[in-house]
Structures are given as structure tokens and as C-alpha cells.
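Before any comments, here is the structure.
The first chain written gets the first letter, and so on, giving A, B, C and D; residue counts start at 1 in each chain.
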Amino acid sequence: MTQTLVPASMDTAPRGAYFSFREPLAFRGEGFVPTAEEPFAYRFYDKNRLVLGRRMEDQLRFAACYWHSFVGDGTDPFGDASFLRPWHGAGDPMAQALHKADVAFDLFRLIGTPFFTFHDRDVAPEGATLRESNERLRRIEAVFERKMDQTGVKLLWGTANLFSNRRYMAGAATNPDPDVFAYAAAQVKNVLEMTHRLGGHNYVLWGGREGYETLLNTDLKRELAQLGRFLNLVVEHKHKIGFKGQILIEPKPAEPTKHQYDHDVATVYGFLKANGLETEVKLNLEQNHALLAGHNFEHEIALASALGIFGSIDMNRGDEMLGWDTDQFPNNLPQVALTLYEVLKAGGIGQGGLNFDAKLRRQSIDPDDLVWAHASAMDLCARALLVAEKMVQDGALQRHVQTRYQGWDSPRGRAILQGECSLETLARDVEAEGLEPQPRSSQQERLEHLVNGYI
Amino acid sequence: MTQTLVPASMDTAPRGAYFSFREPLAFRGEGFVPTAEEPFAYRFYDKNRLVLGRRMEDQLRFAACYWHSFVGDGTDPFGDASFLRPWHGAGDPMAQALHKADVAFDLFRLIGTPFFTFHDRDVAPEGATLRESNERLRRIEAVFERKMDQTGVKLLWGTANLFSNRRYMAGAATNPDPDVFAYAAAQVKNVLEMTHRLGGHNYVLWGGREGYETLLNTDLKRELAQLGRFLNLVVEHKHKIGFKGQILIEPKPAEPTKHQYDHDVATVYGFLKANGLETEVKLNLEQNHALLAGHNFEHEIALASALGIFGSIDMNRGDEMLGWDTDQFPNNLPQVALTLYEVLKAGGIGQGGLNFDAKLRRQSIDPDDLVWAHASAMDLCARALLVAEKMVQDGALQRHVQTRYQGWDSPRGRAILQGECSLETLARDVEAEGLEPQPRSSQQERLEHLVNGYI
Amino acid sequence: MTQTLVPASMDTAPRGAYFSFREPLAFRGEGFVPTAEEPFAYRFYDKNRLVLGRRMEDQLRFAACYWHSFVGDGTDPFGDASFLRPWHGAGDPMAQALHKADVAFDLFRLIGTPFFTFHDRDVAPEGATLRESNERLRRIEAVFERKMDQTGVKLLWGTANLFSNRRYMAGAATNPDPDVFAYAAAQVKNVLEMTHRLGGHNYVLWGGREGYETLLNTDLKRELAQLGRFLNLVVEHKHKIGFKGQILIEPKPAEPTKHQYDHDVATVYGFLKANGLETEVKLNLEQNHALLAGHNFEHEIALASALGIFGSIDMNRGDEMLGWDTDQFPNNLPQVALTLYEVLKAGGIGQGGLNFDAKLRRQSIDPDDLVWAHASAMDLCARALLVAEKMVQDGALQRHVQTRYQGWDSPRGRAILQGECSLETLARDVEAEGLEPQPRSSQQERLEHLVNGYI
Amino acid sequence: MTQTLVPASMDTAPRGAYFSFREPLAFRGEGFVPTAEEPFAYRFYDKNRLVLGRRMEDQLRFAACYWHSFVGDGTDPFGDASFLRPWHGAGDPMAQALHKADVAFDLFRLIGTPFFTFHDRDVAPEGATLRESNERLRRIEAVFERKMDQTGVKLLWGTANLFSNRRYMAGAATNPDPDVFAYAAAQVKNVLEMTHRLGGHNYVLWGGREGYETLLNTDLKRELAQLGRFLNLVVEHKHKIGFKGQILIEPKPAEPTKHQYDHDVATVYGFLKANGLETEVKLNLEQNHALLAGHNFEHEIALASALGIFGSIDMNRGDEMLGWDTDQFPNNLPQVALTLYEVLKAGGIGQGGLNFDAKLRRQSIDPDDLVWAHASAMDLCARALLVAEKMVQDGALQRHVQTRYQGWDSPRGRAILQGECSLETLARDVEAEGLEPQPRSSQQERLEHLVNGYI
């Protein structure tokens, strides 16, 4: 049971002094020792250090997200708000939105994240009509333009919230009511254009309501057709307005919906192929969503890369012991290193980035917890990147894989792949040669040991 | 730990008298009361009863499988063989294979299942070379021909075992060694042709080893290309020999492999699209595999149907509390009824069938347990079919769904689906009309109640 | 992300006419056919029918719960309120609480549930201080007394909400701050006494915050000691005030907390033993919580019964494909029948009851959905009870079990259980007798068939 | 389906030269660089290095297990043997057992593990009668005595295999047939005495068959009583023969059985309490089993420690994406460090040890893979121990926890815990003081950052 009233006794901190940190966090190197004056400094995140030929900042392209850190209030399915951000209390909603923006950009400045991300409803309150909502959003856009200018922080991606409002309870694009489809289309148009004007590098679609609860009331085939149509509209509009960013779909198998259509990488790929969009749309991948779909994060990245649709990353982690999206900040060095190794193998993060779609635990109610969580995660990722760099530079893993498959460079291997064999010719060869292939050790344990040597 | 020696004290029952049942099980109707003379009779499985215009037997197209019932010996990862079938003991392997065939066809006769299914290695022992294996298989084929003739039992599908032998430990089509690919191709050619000669209605590919254990030693992209090539060879050969049956892929996400490429319906669909095979290949679906992939069985059937690739069914059930393939006989009436309702909505089972890819629990060591398990499952499915028939005939569910989506027949709905709208025109309409769509109850609980009314 | 503001445009239905149903639902028997005038009637729930010697109403002891049906607003982790109950809107909180109570008792009247259940915060709004909260609760108590008198509806159990308010974010009894322990104690005292005055049959403790998020900040041993102390205080107070109801703990492994101390039946039993409370406290079991802990519901009931701590039931169901508490209304006949069979084997529900701790799906936004969901579930349970009655009366299952273990009535069996053997004497016997026990079929498939015969 | 025949073409390596490694692996320090001559050396496992006052070898007490490494043949539920160890082939079973023992002790020598562990059936083949089995075991025992003497390798624990043979298919102690109980008792007596004679430090009971498949054929209460009796017999015999080692139960929730009685730490604790054995029996914990029960490994260790029943560890890891026991060698540094931190907090490993109940992946078919896997795991654990040492020495985590709970040292905190308060006095205090406790941040993200600082 959830009770959701905002408590009366709202703490209203003075504007602009939400965090005890005043100056941007510095890079001090591995030997850094915390002091009372400087409780945190980056030990690994040296943004200008070259890693495989690119500045670390450009390899990682960190983004902080608006929703978890500034909209989220610490509620959970059985608990009321715990964070009590001043801008969550009563008051003029636009004034609160501006207060929120001040604190958000102050956080970006302190941690030095080069990008941010947002949903429309995160940054400006919904109005009584879509027109009013759009007007409010436009006012915030002007604020963002100024702040982005002042701070140099850029927009990794924008997106439209097509899931919170009850009008979307049965889906946005996949709603049984075409008016909802139209409403969603109008909302996406607005945010896509705003993202374009703000110089966003990508635009994301997360289909948290594009799915179903029970087949008893669902026409799955029809809904898939609606979803395909919607995606085509978005791509068409992107080209029309000249947006050069990537259109990204973010797969997730379930939650809030029982079954979501954008289940995982493989599912979305099939959907894109069926709609002829596999060269137009890429994917924004998240470890927690991968877990919920029964995959390792590395698998999802490698598969998206193999299919040519790898786009960007949500850099959080899930809890394997829990069956829902915990969206925790990453903290396991070897896991993140293997993740970034796959990103590097995929050619790097490209136009995408590492977005901290991660939220503080409900009990982390100090404003400074926001700073600690982001900065710790950035430093952990930087450290992991240095490990992944070693894996690439050393090359032993890559060589092992190449050696393992080298038989495919033999005449038979080539002939098979080039379509020069049939079951018949192969069967004839096997019998004629008395072929009895001998298995070779795959050496998994040695390779795992090799990986630990890079840490 | 598994110890797998066949116990010395093998019980060798006289041939042809493996079961205490002597006569085929009869249909006696719902009022049947078991007696000592007739402990079991069908209460619902009346094969000639018309259900939605087809004989029940033709709607259900039951098949018994060779592997679980005649090859499986009751071992589990921590336990030795418990079943001690006479034909599992020491002795001439071909004599044992013949003994096994006698008992298998005796079971088919007793339970009255119109079809059976097999892997090559289930029915004939592997020889020292592929040539010898093929010769042995050919001898069994002759036996099958005769027995099928005598009993009228038909072949639902055949398949090649490309997973048990250690040569396939790193995959068959996806092996790093092209010689293994060639060996697998030769094996499939042989079984595909045998299936063709025996009048099989389908040929199945289950890729239990087509996947990987760790990306550290795997080139995922290359393996997908190999797998695509293999599947094309199979389809080409099918056409070459004039086989009219369906080629079916059986999705499963994992087990034995950590990650298998044929993960679920959506994944295989994308794979087929990528290889241009979506009109050539269909799917054989299993509830237990669906569960392991995080899906309901109904979802997998409905999705395959929507994508035009629904082919056949493995009719077992998994245990939601356990994380591996338990392959139990189906026993939950409402679940099976909803499954068959989806099959009927998909246009029926077509050339496919309901194959009992189900195994006795390790402690069900009586020969008669084989009879009880299959016959109980057949009767349960028949009963569920009658429930599903009511659901179709009454039509209330279908009407509810049609009503729910009827807005899509409005001018706006049609215009959207026919590509006559853009984000721009839709946004303009929303603003102009001040559109604020109102949600409607999806009535899930009422629909679930409606379903129970059919039981 | 959750946005939780109550929408401005609150629909305010006229008081007392929240449902389209006006008269209590009638029992019409299996042949009932719905009409426009009477869309629902009970087909199986005939409250006065004798089932194994007790009235059906007394065997089932249904309760409707306050929280899901009257407090829950349809929010989910990604969605705002969808239900828009009139009493959720702005307005005097006590007036809203009274409105809510009117509708609640109207529902109880319509569906004919003999019991209800509540948390303190469900029925009266929290005040600025505990004193004010208690005063508000006292006012509602007076209303309840009158309504219970008028309708005959009784209180199955009351409980204190020790989880929603942020003061409990780190636990109630297990909080690092003893002041929170004291606050929780004060709250429980108040609700326990209220439950006593209202003639409640049980008092429940659900420890949704009694657990931890990470061991890094947790002293598990200390928290267990706190929890033991708290439970002792509750039991002492129960005796002091002469409350004759059962004190019940409701196990759940996780959610909202990562790890909760009252994990499952076995865990709570050990905790009770460690605190000497195993004869003072019993359990309130829920299927969805059992699933989350990796158990079947039947297991939890049978184990609690074997350990002498079976108390009551939350009668909902979870979704095996989802990893969180879905709290759906029960709808699977065989599953519920097996559940009630275990309840009957445990001696019946006793002082407990079947509480519908179940919530409407978020899209079931019609007021009448509340009626349909509860009434459908009651009828399903009644039908399942009749199946379970057959299982008991026929006795075949019970006889099978007794026969299976009859060896334990042999001299050796008795000697072992009575402590008259040692490893030494048993080893000597085995060698002397050359004992080689032969396994017997456990006949699982036949037994499952037998169960289906009762349906 | 499993086919389990041992292939005919068994590779028979010359005795005593099974591995390419000839000399025990050396410790070379962190700077070690592999060469062709010395492909592996320990970089962290310096057995004589003092860690928190004890030699590293004594803190870790590594053991290699017999079953996975020398009995396991690489079969999986869908695959035949892949390892083809020479001693798995045809031949005199006792000669093969001696060959196996030679290779096993050669491995212990090479990797320098101070302990080993075994089941009776791992080391000597089962005979036609228990008497013959015992005689064979006695012959191997003599061999072990000599080899242990020569090498200094000690026995961490022995155990009886009460699960592989079909006689145990329905349980050992919990079998419906008391003769099976007797047989199991005789087997345990023999192995317990053998363990005692060999100077074993512990004796383990793993109840892989002590559980059930379905309640339909199970008397759960009766089986729990049988299990309690059995455990008492073992404890009584331990005292009778003067065995000073620990009796350990190894919890696991399922697999092979659907539900196992020794589910997890909390369950076994309750069982021990119910049987008055909580001071006689301790636990052997495994990470993979913890995962299957829905727990972190750290939780199980911390809980066992809090309950006073922590005994020993199986040092493997599971795969969170798979639902069965994968028993992989540990490889995640932060995870193992947190595990060992809990072990240190529990007072160290005591009489227990870190047993590698871990198996090679099925494709790791080189003999040397056994060396690599064990040695890599040992070095990883040593490295993790050094991290855990820092966590203990620095003390920051411990101080944080102490500070967090310091309120419990206040007068109210003490009074509560000492039983000097009641619900009444606490409620009075809360009202009188107008107590409104304020939550404090639990700082989870900062603490996770702190942990990464130690790595």
C-alpha cells in the first residue's frame, strides 16, 4: 500500500546551497587521502587523460538524469516520500521547477558530468491541457539554454514521459484508443523538437506502458502494428526537422507492465526489421533491464553491436536477488570493466553516453548523498575503463578468440560461409574423410584468471 | 555429482509385456468409475467427437516422444539411473534398440496417440563412425516403417541430436571448428531424409548447444552468421528432396548452455528476418522453455501467431519454483485451456501437434507410470479443449477485445494506421480539439471470472 | 519514477451510490445465467451449505481488506493514481475517512463478506502527533462499532502501519534509533487495544521494514534481538489486556526491504523458538509471499501446520513471471483447491480467515470492479472448497500417503523413532540382514490425475 | 536427455603425469610475469604471510574436493561425458580408484592446498553389498593415510553420498521406508568413523534427497521427525567415538529435490532448535546455494554467525542468470572480499575451511584446467583476504555501524533491551515527550564507495 501525500513539515533549504560541497570535485590521483576539507576527490576520473586515443571524458560521456535525482522522492511501493526535497513541497509549480533546475545544474557543476538527460514531465509540471504543458516546458527550455551555455553541460538525450499519467495506463502508442496515440504523438513531437533545439545527441523512447497485463483483453498483433506505426512517425519527424541525433529504444521486459513489447535487444531487433527501421533506430541498454530479461549486460551490448544497433547505455546496476528495477549506482569493478570492454569492442560509445539512470536508496536522504553517489560511480567507471583499456591493449583475450575460430579461415570454413556447400556435399565429405572432429578446451577458467590480472 | 553406471541387477522383463495394461485405453465418458479391471479410461478424450468442426484427434494431434520415455533413465544431476528399463542394460546395442522400439509402439497402441517423435540417437545407438551410425539408423527405419504400417501411428517430427556427444560441446552449427559444422550438417541431412521417407509432418531443430558459456571465448557475431548459414542449408535441402513438412525451430533461452541463441519467439523471429527465412521456418513452442525465458506460454503462442511463425507445441509444463527444465506432464486445467484457446485463435495446430516432451518424475519407476502419465495428460488436454471450444463458441472474450479497440475503426484510427498522419498533424489535432482522452476500465478481473465460467 | 499528485479533476460521486450494485449478491447455484438486471450471482458460495460439518461461511471466513480496496489509488512505480476514488481528493481528511468507511461497509454488505481487516493508517489520517493520530483513530473506531453492529460484519484482524512513514525507513522494532522502537510500540499498543475493543479475532504484525538494505550499515544480530524484544512486548500486552485473539506474524522475504527478517515460515519458526514464543504466536500466510520466497503456498501451509503455528491466510495470488508482490485476486481453481485441501488437513482455518489482500489491476478503474473482483474470488474459493471437500471425503490421497509410510509402523520403524537404535545397532542390522531396500514408485503422475478427477 | 555411456576411445595417459605442471606452484608476488616455463605463479597467496595475526594458510584453510575434480566427467542434463579421465574408463574399479587417488594427491601437491574433502562413493566404488562397499572404502583409507602422511595434506571433512543411488530416490533419513533410514545410518557410521580415523576436522551432512517432490505423496511432519532423529543419532555417535570435529549441515533449497528441508541458514537453525541440537551442529555454507535460496552469501554467513552456528564454507560461485547449481570457481574480487570480511567478523573460519566445491566448465577438458582453476581461485581468495584485512584494520565500516546504533546505549535503549519497558510505558513516554524521531541517512552509497577504496 502506498500513501503519497507530501508531508506538511517540508524542509525548505535556502536556494543554491543544497549541497555542503561548494567547489567542483577535483582529480587528485590514486594516492588521494580524504580530509575534513576535501572528503572526496576523483582518484581515477582524470577527464583529459587519453585512453585508447580519446580523452577519458569523451570515452565515457557521463550523464546525470533528472528523474531519479530531482523528481524521485524516495517513495517505494510500501513507503511515502523520504527525501523531502524543498521543491517537492507545496507552492507554485513553476517556481518549484526553477528551484529544481538550479539544484540540478549545481550538481552537474559539482560532479563535472558533461551531459544530462530528462523527460518532459521531470522538468516542468504538467498543465491542465497539452497546450499549457507545452508552454511550461518552453519556459524551462529557455532556462536550460541559459544554464547549458553558462556551464557547458550538454544534453545527452531527452524523452517524453508516456507512462505516468493515467491516460497512458493502457499504453501510449499501443493504447486501444487512437486518441491516446495522437496525444502521445503530440507529446513526442514537442520533446523531440525541444531536444533538437537544445542540441541533444539522442532522443530516447522507453515503452514502459507499451505492453499488456493479460491477453484476455489484448490484441497483441494489432498493438504491434500500432507501435510500428508510431516509431515510423518519430523517425519521419526526426528527418523532417533535421535532427541529427540517434533515435534510441530502451528495452525492458516488464515493470510497470506485466509484459512489455521492447523486451530485450533481440526482440527489439526483430521489431525493427519487421518495420524496416533497423538502420534508423538504435538501442539504449541498461544492466538492470538486462537482468530482468535474464541476460548479462555484456550479452546485450555484444548482441546489439553484432546486429548493428548499439547506441547508448544506462549505467546503473540491479540486484540479482530482487525481481524489480532497483536502479542502483554501479559499484562492482570487474563487472563494470567487462561492460566497458564490450563497449570498446563495439567501437566505443559513439554518440551515446553513460547515463546514470540510478537512484539513491530510500534511506540516503542527505542532499550530499546525491554528490557522493554520482561521483563514486564516475570514479568507479573511470577505474574500470582503465582496466578495459589494458584488456584491449594487451590483446591476449582477443588473440585467444581469433585463434579459437581460425579453422573458419580454412578452405572448408570459407566455402561453408560463402554458400558453396550443401548438406549433401558436406555429408559426402564427412563420410569420405571419415571426419571425427576432436573438441578442444575452451579454457574458461584461465580466461577468467587473465581478466583478474588486469584489475 | 552424477554417477552413471547402469546397476548390475537389471530387471529384464519379458518382451512385449512391459506394461500391465493389455488393451488400448477406452473412452468411457465423464461418469467413468475406475475398477480393478479397468483402472483407467478416457473421460474426455473421445477422438471422433467434433470440436469446432474437426475431430478431437485432429485438433490435438498428440505425439509421444521417444527420448524421455524410452531413453531417459531417471538420472538427475545428483542421481544415478532409477528406471532400469530392460533395454538400458548391457547387451547388443541394436538388440536393445529393437526391444525399445517394441515397447515404444506398444505404449503408442495402448494410449492411442496418433503420432510419435524422435532424435536419431534415441532410436539407434551411435556407431564408431557416422557411416556406421547411419547404417544402424537405417535398420531402425525399416522397423519403424513396418510398425507404423501395422499400427497407423504417424511421425509428427524427427530431429538430430546435436548436443549429447562431446564433439558438440562448443556447439554444432556455431562450433569454432567448421568440421563440427560439417559433421552436424551430415547428421541433419540423414535425419531429414529419414523423416521425409517416414512421412514426417515436420522436422525440428533444437539448438541446445548453439549458444555460449562466456563471451571471453566467444565471437557472437560470427556464430550467428554460422547459424544462419546452417539453417539456410537445411531449408535448401528440404526443397531439394521435396519434403513438404514444416521446418521448426524450438526456442529455449538456456540449459544446457548458459545462453542459447534461439532464446524465445521474438529472438528467433529476428533471426529469421535477418536471414530471410521468416516464411520458410516456423516454431515449436514449449511451456517450460517459455517459463525459463520469463514468458507465459500463451504469450509465446500469441506472438508466434501474430508474427506468422506458429508451428507446433511441446505439451509439457515447468515448475515455476525451479529454475530448470522439469518437463512435467501438464495437469492444470485452466492453464491448458488458455493455452489451447490461443492455439485455436492462431487457427489451430495445423501441421503441428501436441508433443508430450514430458518425463516421468525420477521416482515414478513403474512401467505403468508411463501409461498413466500420458493418458492422464491426454485426457486433461481433451478436457481443456472442450473448455476452449466453449470460449470460442460463446465469443464473449473475443467481443470484449473487439469492442475495446473499436476506436481504431474511426476515421482517426484508420488514418493513423494507413500512414496518413504525422507527428505534426496529430499534434495539431490534439491542440485544436483540446483532446483529453479518458481511460476506460480494462476489466481484467471480470474477464478472469468469465474464463472460470467456462470450466 | 513516480509522480504522486492527486489529479485536480477529481470525480466526486454521490455518497452511498459508489457501486451500480444495490442489493447484496445472491446465491443462485451452478445454473445461474447472468442478465442485465443481475449480472452476477454466486454459483458456488452458498454460505449456509454444510461442508465437512461446518457452514461454508465458517469454513472460509472471508475478509475484505481496507488498504488495497479503499486506500490504494492505482499508482505503481512508474504511474500516478488511476482510481481517483472521491475520498482520495482534496478536502477535510476526517470527512474523507468517513466517506471511505461508508463505501467500505457498503462493499462488505454487497458481497456478503463476514469479516474485514485494516491498518490504523488506512482508516484514519495520520495527525501531526501520535496523540492526534490516536484521537482520529478513536473517532473512526466509534464509526466502525456502529457499522459493525448494523451490518454484522466482524473484524478478522487489525494491524499497525509501521512502514509507510519515513520515520520507519530504517525499520520499526529493528531501527537503529530506540525512539523509533518506542514510537512503534506506542502505535501497536493503540491498535492492539482497538482491535481488542472491536472484537477482532486476530492481531497481525507485518514487518515490511524489519530487515535491511546492506550489511555494510547493519548490525544483524542486534536487530534480531530488538525484534525479539518487540514481539515479547506485544505478547505481554495481549495477555495484560485479555485479548483472546491470535497474534500473527506475516512472513515475506523482501519488498520493500531488500532482506526482511520474517522471510518465510521456517525462518519465523526459528525466530519464535529462539525467543520462546512458538506457542504464543502463529502465522498469517500469503501465496504471493510464498512465491517470492521460492515456495509453493501449500508448502508454507503444510509446514506451518507441522510446526504448530498455522494461523490464517491472505488469499491472493502472485504472478510467477514477475518478481514483486502483484497481489492479484485468486483465479486458478486447482491451485486454490490444493491450498484449501492443505488448510483442511491442518484442521481448518480456526480463528483465522481468508483475507483478500488483493488489489485491482491498475486499469480496473470502475467502482464496480471492486465488486466483481471480490465476488468472483469468493465464488472461486467456494468452488475450490467443494473440490477439497471431495478430496477429504474420498480419502484416496490420504490413504496413499498412509500406505506409503506404513513401514514406519514396523518394529524397526518404531524403534528408530522411539530412540531405541543407534548408528551402531542399525549398521549391525544392515550387515547382518544383508539389507538392500528396494525403491517403490512414488506415483506422482497418478496422484495428479486423481486430483483432477475431483475438479 | 542424458546418454551416459563412457566412450570407447578412452585416452589413457601414463600414471603420475596427468598434468603438464611438475613442480608445486610458487609464490612470486604481484609483479610476477608468466613465461613459457612458468605460466602460473601465485601473486597473492603467500601462505606464511601474517594476516590479522594468523598465517594466510591458516586464515583460508583451502580444500580441494574429490567429487567435482576427480569423479565429475563433464556430463550435463543434455550432454555425455566430456572429460574422459583415464580412471573413468573400463577396467578394474579398485585399480581405477587408486589411479584417481594418485592424480588427486598430485593435484593437491601442485597447488599446495592444505586440505581435501570427499564422499565415500567418490573415492571407492560401491560394492554389491554394503559390506563390500565398506571393505573397498577401508582399502582406500589405507592409501589415504599413507598419502596424507607423505604430503602433509589433511582432511577438512568427509561425508557419505546418500543421494546418487536409486535406493535413496525418496530420501535417506526421510525415506518412507525405515530400511533405507537404517542403510543410510550404516553408511554414515562408516564414513564418520573413517573421517575420525583420518583426523578429519569436520563431518558434513548434505541432504540433497531429504525433501519432497509433491505434497500429494508426502507426510512432511513425519519426515521432519525422521530427519531430527537421524541427526541426533549422528551427534550421539560422534560423542561415542570421541570425534572432536564439527558436525556440519550444508543448506540448499532445492536441486535435485524440488523442496529440500535444509533450505537455508534460518530454516536449519529452526530445525536445530526444534531438536535441541543448536549447540551440537554447525553449518557449511555455499554461495551458490545461498543464491538459489534468494540470499546473498554474506547474509547467510552473518546470520549463521549471529545464531552461533557458522561452521565452514564451500567456496564457489553460482550464476545469477541461471536457476541451478553451476558451482563455478570464484572470480569476482569485491564479492569474495565482502564474503571474507563477513568471515572475519564472524571470528574467522575456525575449524572450518574454504572448500572448492567447484567444477570445471564442461568444455574445460584439458587436465591442466584443473590446476589453473584451483590455483586462480586460491590466488583470488588470497587477494580478497588482503582487501578484507584492510577493511578490518581501517575500521571505518565498523565504526560507522557502531555510531549508527549508539542510541541503544542510551537509558531508553538499555531499558528496552533489558526488558524494563512495556508497550504501556513506551506509549506513555512517546505521548509525554511528544516524541517524533527524525530519520538519518543510511549512507549506503558512501559505504559502497568506501569498500571500493580498499580494493
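As a convention for this text, a contact is a pair of C-beta atoms (placed from the backbone, for glycine too) under 8 Å apart; a residue touches a chain by one contact, two chains touch by 3 or more.
Labels paired with UniProt names: A, B, C, D = Xylose isomerase.
As the structure is a computational prediction, the values presented were derived from the model and not from experiment.
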Shared interface numbering between subunit B and subunit A [over half = same, under half = different]: same
Between B-D and A-D, the pair joined by more C-beta contacts: B-D
Rounded Å distance between subunit B and subunit D, as computed from the means of their C-alpha atoms: 39
Measuring centre to centre with CA averages, how many angstrom lie between subunit A and subunit B? 37
Note: subunit C residues in touch with at least two other chains are 82, 166, 169-170, 213, 254, 259, 292, 294-296, 321, 361, 363, 365, 439-440, 442-444, 448, 451
Interface residues, subunit A side, partner subunit C - complex: 1-4, 6-8, 67-68, 71-82, 84, 119, 121-122, 128, 161, 163-166, 168-170, 208-209, 213, 254-256, 258-259, 292, 319, 321-325, 361-363, 365
Which residues, counting only subunit B, touch subunit A once they are in their complex? 129-131, 166-167, 169-170, 175-183, 185-186, 188-190, 192, 213-222, 224-226, 229, 232-234, 236-237, 240, 253-254, 259, 263-264, 266-267, 269-271, 273-274, 292-296, 298-299, 302-303, 305-307, 338, 342, 397, 400-401, 404-405, 407-408, 410, 412-413, 416-417, 419, 421-424, 426-427, 429-431, 434-440, 442-444, 447-448, 451
In their shared complex, subunit D is touched by residues of subunit A numbered 82, 291, 294-296, 320-321, 329, 331-335, 360-361, 363-366, 369, 372-373, 376, 379-380, 439-446, 448-449, 451-452, 455
